[in-house]
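Dropping a structure here in structure tokens format, bear with me for questions.
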């Protein structure tokens, strides 16, 4: 199969859906001739024109409203926010409007949009351009939250997100855009939301990782394999709704679980994962405390070395997983 | 000691601090002659005048900026947002500015404000006026998050929050304003941030409850006492920084823990609490899974009966705690 | 514009019905039959009715928290409206929404709104839908004077203007936010002057004159349908009652309220029609009585409707 | 206003220094010595320098992401600036901030800014602090043409106006957001016209004419100090380089860039002074050389500064 980068997979999914469905359009800042801050939509303006690839003024709240209002009235917009950090400015529309309209109106409407945004640190862009606030959105009933980590998953989940009748928040780990490369079918295909993927099988420790932490965990697992340890790596892919079953089953088998995310530890998604496990039937199978390895509780610093040390790296995952496997937590 | 309502305790704390410290002022929508939507600041305009009790246009982002900019330059503002739901509109200032400025600027500034907002459901105000999104703020390094549940705590914590050199988000469970009444010293006193309060001692189950769930848990504990069960109720009071020690110690004693909050379960603060316990030394003392009893994963409905059923009530707490105590979870 | 007698009588009926709805709302409130909050628009009926009179089938409306008369003018089913107000299963939102969220999305009324200014960005999206469909639909977006100070107002009007979207922004300027007089909330005299910041036309009209509102909004709609883009219409009016439920009116004088009550848009419009000889006092009284009866019957309907079933509480969060 | 020779030479020196800083920044970038992002203001120097020339000790400045020359004009220590740019421990932010967040809060430079428009609401708070202190301080708040479409702009200018806060809002209109020309981003010709929405004066000046900027901002500052409230000054200018780091310039033509490069604010100001006979070409060349040397020495300083110590990574989140 031909290989695409993460970025190309996302672009292809959007392009193919827009060809298929007239009601899909893309809207965001500098997504037209500029192709978006990361080049994701480069070339799309040429094919679809300015009414379907809509450059906006710098007005994030307006973008949030534009996709919500359009979705309520029959369209399937894809909104792009240049960095997930700026979604703070659109939150009223996403949380108080989009997520709630259907329930508040007694089920008489729906809001089938998706909102895409790059997430995470590692690009030297400092505190206001490097956050991972996915758990905010997970906490809002009415929203679905997706975060793919391979080109294959990105295309399939993006298509499923566009076709989903609910507002979907779609986070793209920005370090993967150009670095992740892998086989992607040319045709349209959906990966259903709410299904986790076991990226690596094993028996000693279950790592539940999200976003950039998935490739890092896989690398860590390979390193540990050389030490004779056999590590599971599960990527929930959809953070809400969560595929609890896959996770619980795995933990029942291994008895040891390491949760890894890039977001700051306190109040993060790791808490949700830990709680889901701790209140499940897997609880009785746990041979060790549930361990969270997460971003430090600090804003992301600019300096490259500090930035590197602000979030889990392969060596940190190796160390934690090893400790867990050897029972000396 | 004379008794005050929750609302009166908050007002008194603000008034006394404003008398003491010229750099403290109050700013928000309709807080002047109207006295705020809940009447918290009634009368304060008369004493302090319009330059220290500042009515704003309906501009939440502007309020967020006003308190941040004023705090950076030497004031100690108290911002009020009429309902915590509207803080979504101020988030960029709270999260991308206030919380990060000190770190981002290498420790060369500080942002000593507090932002007050009523929180929670039960007033028939439906989905856009009833949320409990405290975990969003807990997830942001740089912020402190406080949620008192008695008039005594409200006064002491509010004074400590004003005097704290960091931005403090202060949530006031709106159902308590007029309903909670209790002894409050006349003088100024501080309750240090980051110290939990054991509201009720016991040995069978540890309930960790926040906000409105504290009085409900206490009521539940009384009911269970008649069945011979002895329930601990711990109120963290400060959600960030969390007093982990008090919680962990209690769980080590009881071996059973019930976490109760009003916020929607998924992605909520209960996850953080569960994870803190599950990764602590209390893990080995757990005799049962960690149970979260939380708001349903829905927007708050308008209808009174639905609204009642959307969040934990005394009878739900009784039932869960009883199950836990009797070991049949 | 000349408007025929029956249409005008219809407007009068709508104004009376909106008024009757809110008088009843107050009564139900006083009786303790309403759990939640509400915002009454008594005294502002001409703004809602005159505006909505200018739209046609297929157009969209985005309402506000002060939206009862907007809904009536839109032609909402009074029974379902009242049932929603009372939180009943037969309500427009199955009792989930209440006064602040009554909506009829399938019919084009995209909802009352609890977030001040929160509906304004939605209008941009509605405009994009229409542009995509290439129909001559338009969207009317209501909001208050207070909402005009939200960032949402600014971003949305700008976006609507650059894309020439078919939106009419209708500011119901009732002189106050909750307690703040516009004189304290902004340093300009007319909100419509803000239209210039976006390169769109802005006009201020006597919002208690239903005909003036109808004409101004009608002009703006004509522009919008013709592809000439959005406009801002400011209806100057006043709310008689407190901000919500009740309030102590500490922020305004009895005299001011009395002055504005003398400008009652219903009495004024009815008086004109009687003076012109197109309506008799008896006919007017009949319209008023009919309105009250329609509302009473709506209350009966709502009273008879069951509470929502608690077992359905999780429904409607997601499309499954 | 007449400005003495030495002051004007100082302005020229500041412009040259800002330019030299950014030329060096580009070079360091090309050498792979910079990890993060940066935004160059080459071609816009007159706007930053003319504006800051009009303030006095004790005033506050809120900068933007495109803030290097703003910092230079403010009088920032070049060594610490460069060290911050390079992420070093000796930098203004101990290497935590980088190009986008250089700040000297104790000195009144309240920081460059990564959120477009995010500094505008801060100005309201600064204004309130000054009002409370009853000093004659003022606050200059920079932002771009693109930022003027954020809700933050609207809410803040309105609040500043109703409270007559001592703020000068300086819009550095360089014709583009990232890639969007103002003609596409707003349906009006001048951003300064938006001042009317808030009842404050607005003026557009040639932002490549340092004297014109100085005078317009100076007038606005005089008003602000006198308690007459805020103003909006729009400096029309242009950025020569891509939006950040580099960009492909797909959104504009080479001709357009060339046209604006001919309006180089430095060459223009220097030419005027030479023509007036207050400066010789040799003196001008010396100023340019001095500027470059100062920057080279700053790089030496920064190169010699250690990286921040990883063990300090948790410091500075909270005041303990």
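To keep things simple, chains are lettered A, B, C and D as they appear, and every chain counts its residues starting from 1.
The rule is simple: contacts are C-beta pairs under 8 Å (C-beta built on N, C-alpha and C of every residue); 3 or more make two chains touch, one makes a residue touch a chain.
Please read all numbers here as calculations on a predicted model, not as lab measurements.
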item: Maximum centroid distance from chain C, chain identifier (CA atoms); value: D
item: Distance between chain centroids, defined by C-alpha means - chain A, chain C (Å); value: 40
item: Centre distance in Å when chain B and chain C are each reduced to the mean of their C-alpha atoms; value: 36
item: Geometric centre distance via CA averages, chain D-chain C, whole Å; value: 45
item: Chain B, residues touching no fewer than two other chains; value: 57, 59, 61, 85-86, 89, 92, 96, 103-104, 126-128, 141-142, 297-299, 301
item: Per-residue multi-chain contacts in chain D, two or more chains; value: 93, 95-97, 101, 114-115, 118, 149-152, 155, 158, 162, 184-186, 317
item: Chain contact topology (line, ring, star, complete or other); value: complete
item: Footprint of chain D on chain C - complex, ascending; value: 149-155, 158, 161-162, 184-188, 193-194, 196-200
item: Interface residues, chain B side, partner chain A - complex; value: 85-86, 88-89, 91-92, 95-96, 99-100, 103-104, 126-128, 133, 135-136, 138-142, 240, 242, 263-264, 266-275, 277-280, 283-284, 289-292, 297-299, 301
item: Interface residues, chain C side, partner chain B - complex; value: 34-37, 87-88, 93, 95-98, 100-101, 114-118, 146-147, 149-151, 177-180, 184-186, 247, 250-251, 307-308, 310, 313-314, 317
item: Chain B - residues contacting chain D, complex; value: 22-23, 25, 27, 51, 54, 56-57, 59, 61-62, 64-75, 77, 92-93, 96-97, 101-110, 112, 141-142, 144, 164-166
item: Residue ranges of chain B in contact with chain C within the complex; value: 29-30, 32-35, 37, 55, 57-61, 85-86, 89, 123-129, 296-299, 301-307, 309-310
